[in-house]
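Have a look at the structure below before the remarks.
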């Protein structure tokens, strides 16, 4: 088994669907399912985002944090914050979504995780270690098995229960 | 049977996927399947536009003209021409698409046809008469039956065979 | 256009979902959509039979008669009348279904229509002429267009309105 | 957490798709996904059996044993062994399938597990303990999470690696 490395920090321009910015530190103790997407990517609209929504509906938010990451690397003029807000409203996405900080040539979080394109999925364990990264369509059965395995791992002893944020607000 | 009325003229700001503007006159002699949509309308992306693409693939273009009508009545800043061009590129839409001329409160062609929302379908016969208008999801079987019936009608005697336009160009 | 030929007569062992046997003569004046299937054929279960059910739900029964034809040419022991009745019950099929009369090597109606396999679709016009025959999956748009065109044809002058039969009974 | 109880033994009339009978003992050390179905149950054909096939394709057979259980409690004459063999052939099912031993009023394994109907899913852990039982449709994400969690459990120390059987034969 390869040595696990900490998940790179996120560089987020704006957070949507959450009253407070999120970070690896603030989510420590929970499993993180991070879904990279672009609002005009057909595979994201048809497969990636519905899968994130299913995961957010199935797993308790204090155990698994489902988070979208808008990694725009093309059609920048068409996929800005205003457009994304309209998209989120129309598609009724409810989980927190961070807009990746622009960079050259790729947005910064996308570059830090060395993602190949959209949609991509990233799994981070309760200790903040990067556990899986997949580009393109992944089966629900496979994703469920990864999350189910991570859920059985004992949380790190120093983990403090942190806030769970939804569009309505945060709870301790 | 109610008396049929001529289809209202179109007010189009910009045509995409066609080297020449289209009009009811230039399409006279062909059946027109006009699909009203918005690029950020989930029902359009999931059902309406794929149905238009299936119709464009099935029926000969010199018999049935399949045309998209971008009727933006909300999220204007997110659904402008630049955004629409990116959307068309990513979703590989190949049939001609007209951007409805903005109006208050509704875009002008949308208002002229008294459409209730997106997606909507309009069928126009070979003589330019309005034959059907439907809001929301319609079954392929139903749509096929309407088109099949219109195809059996004798073209008007003065119909001159007109140009068929694709992104590659127009042919007589 | 090839000269049209009369649809071959049907050889039916048993009729289900109809209180009276059906025939080309008794259905004269209506368009007939005849769907050949086998209850253990996956393509029939997944595509062919749901399409017949959609057609039966959409088109008025006094205009379009949707009829199933059970053409068993393999797994005879598993697809007898008792098994078919259980299948029809579980899948809630409501349109009339005829069991094709066994023959060597193929059931007799299947042979008379020279069908290649299941599912197959046959369209017969108001005058009893064979108008289309297709093996395998056909698109709803295509099927709708065929039926829509046949519906515009003038019924033959001698056509007498015949009985419409459902599992509940027949009406004039 | 409720005390776990051993999975009841299976009472199987005939095994298909495996050269040797299977049992809880012979599968000890592997997770067992047991899917109860009837060949003429639409929910089984459309959802339950495809899900079993996806699980069999995804998880290594020496870690997760996917097994079908034909629990016929209605339409007995239509769902006998000959019919089931035809069904398995047509639907290309490849995982082992056991025919539940008939009983009054329910087949015996179905009764021993107190199943409510078909489709039903049962999960058994590496030690032979019953870990989950669900009637009706379950999401792939949920099923994956259950299996993923069971996979992280340490196998019992005395588990001996047993044979893996496919239609082609068994391997140590």
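Structural remarks
Per-chain residue numbering starts at 1, and chain names A, B, C and D are given in the order in which the chains are listed.
Operating definition for what follows: contacts are C-beta pairs under 8 Å (C-beta built on N, C-alpha and C of every residue); 3 or more make two chains touch, one makes a residue touch a chain.
Chain-to-protein mapping (UniProt): A, B, C, D = Alkyl hydroperoxide reductase.
The structure displayed is predicted, hence computed values, not measured ones.
Considering the contact criterion stated above, no chain is in touch with chain A (Alkyl hydroperoxide reductase) and with chain B (Alkyl hydroperoxide reductase) alike.
With centres taken as mean Cα positions, chain C (Alkyl hydroperoxide reductase) sits 35 Å from chain B (Alkyl hydroperoxide reductase). Remark: chain A (Alkyl hydroperoxide reductase) and chain C (Alkyl hydroperoxide reductase) have CA centroids separated by 52 Å (rounded to whole angstrom).
Shared interface positions of chain D (Alkyl hydroperoxide reductase), defined as residues touching 2 or more other chains, are absent. In terms of which chains touch, the assembly is arranged as a closed ring, every chain touching its two neighbours and no others. Every pair of chains meeting the touch criterion is listed here: A-B, A-D, B-C, C-D. On chain A (Alkyl hydroperoxide reductase), the positions that touch chain D (Alkyl hydroperoxide reductase) within their shared complex are 54-55, 58-59, 139-153. Against chain B (Alkyl hydroperoxide reductase), the residues of chain A (Alkyl hydroperoxide reductase) that register as touching in their complex are 40-42, 45-46, 74-75, 77-79, 82-83, 85-87, 89-91.
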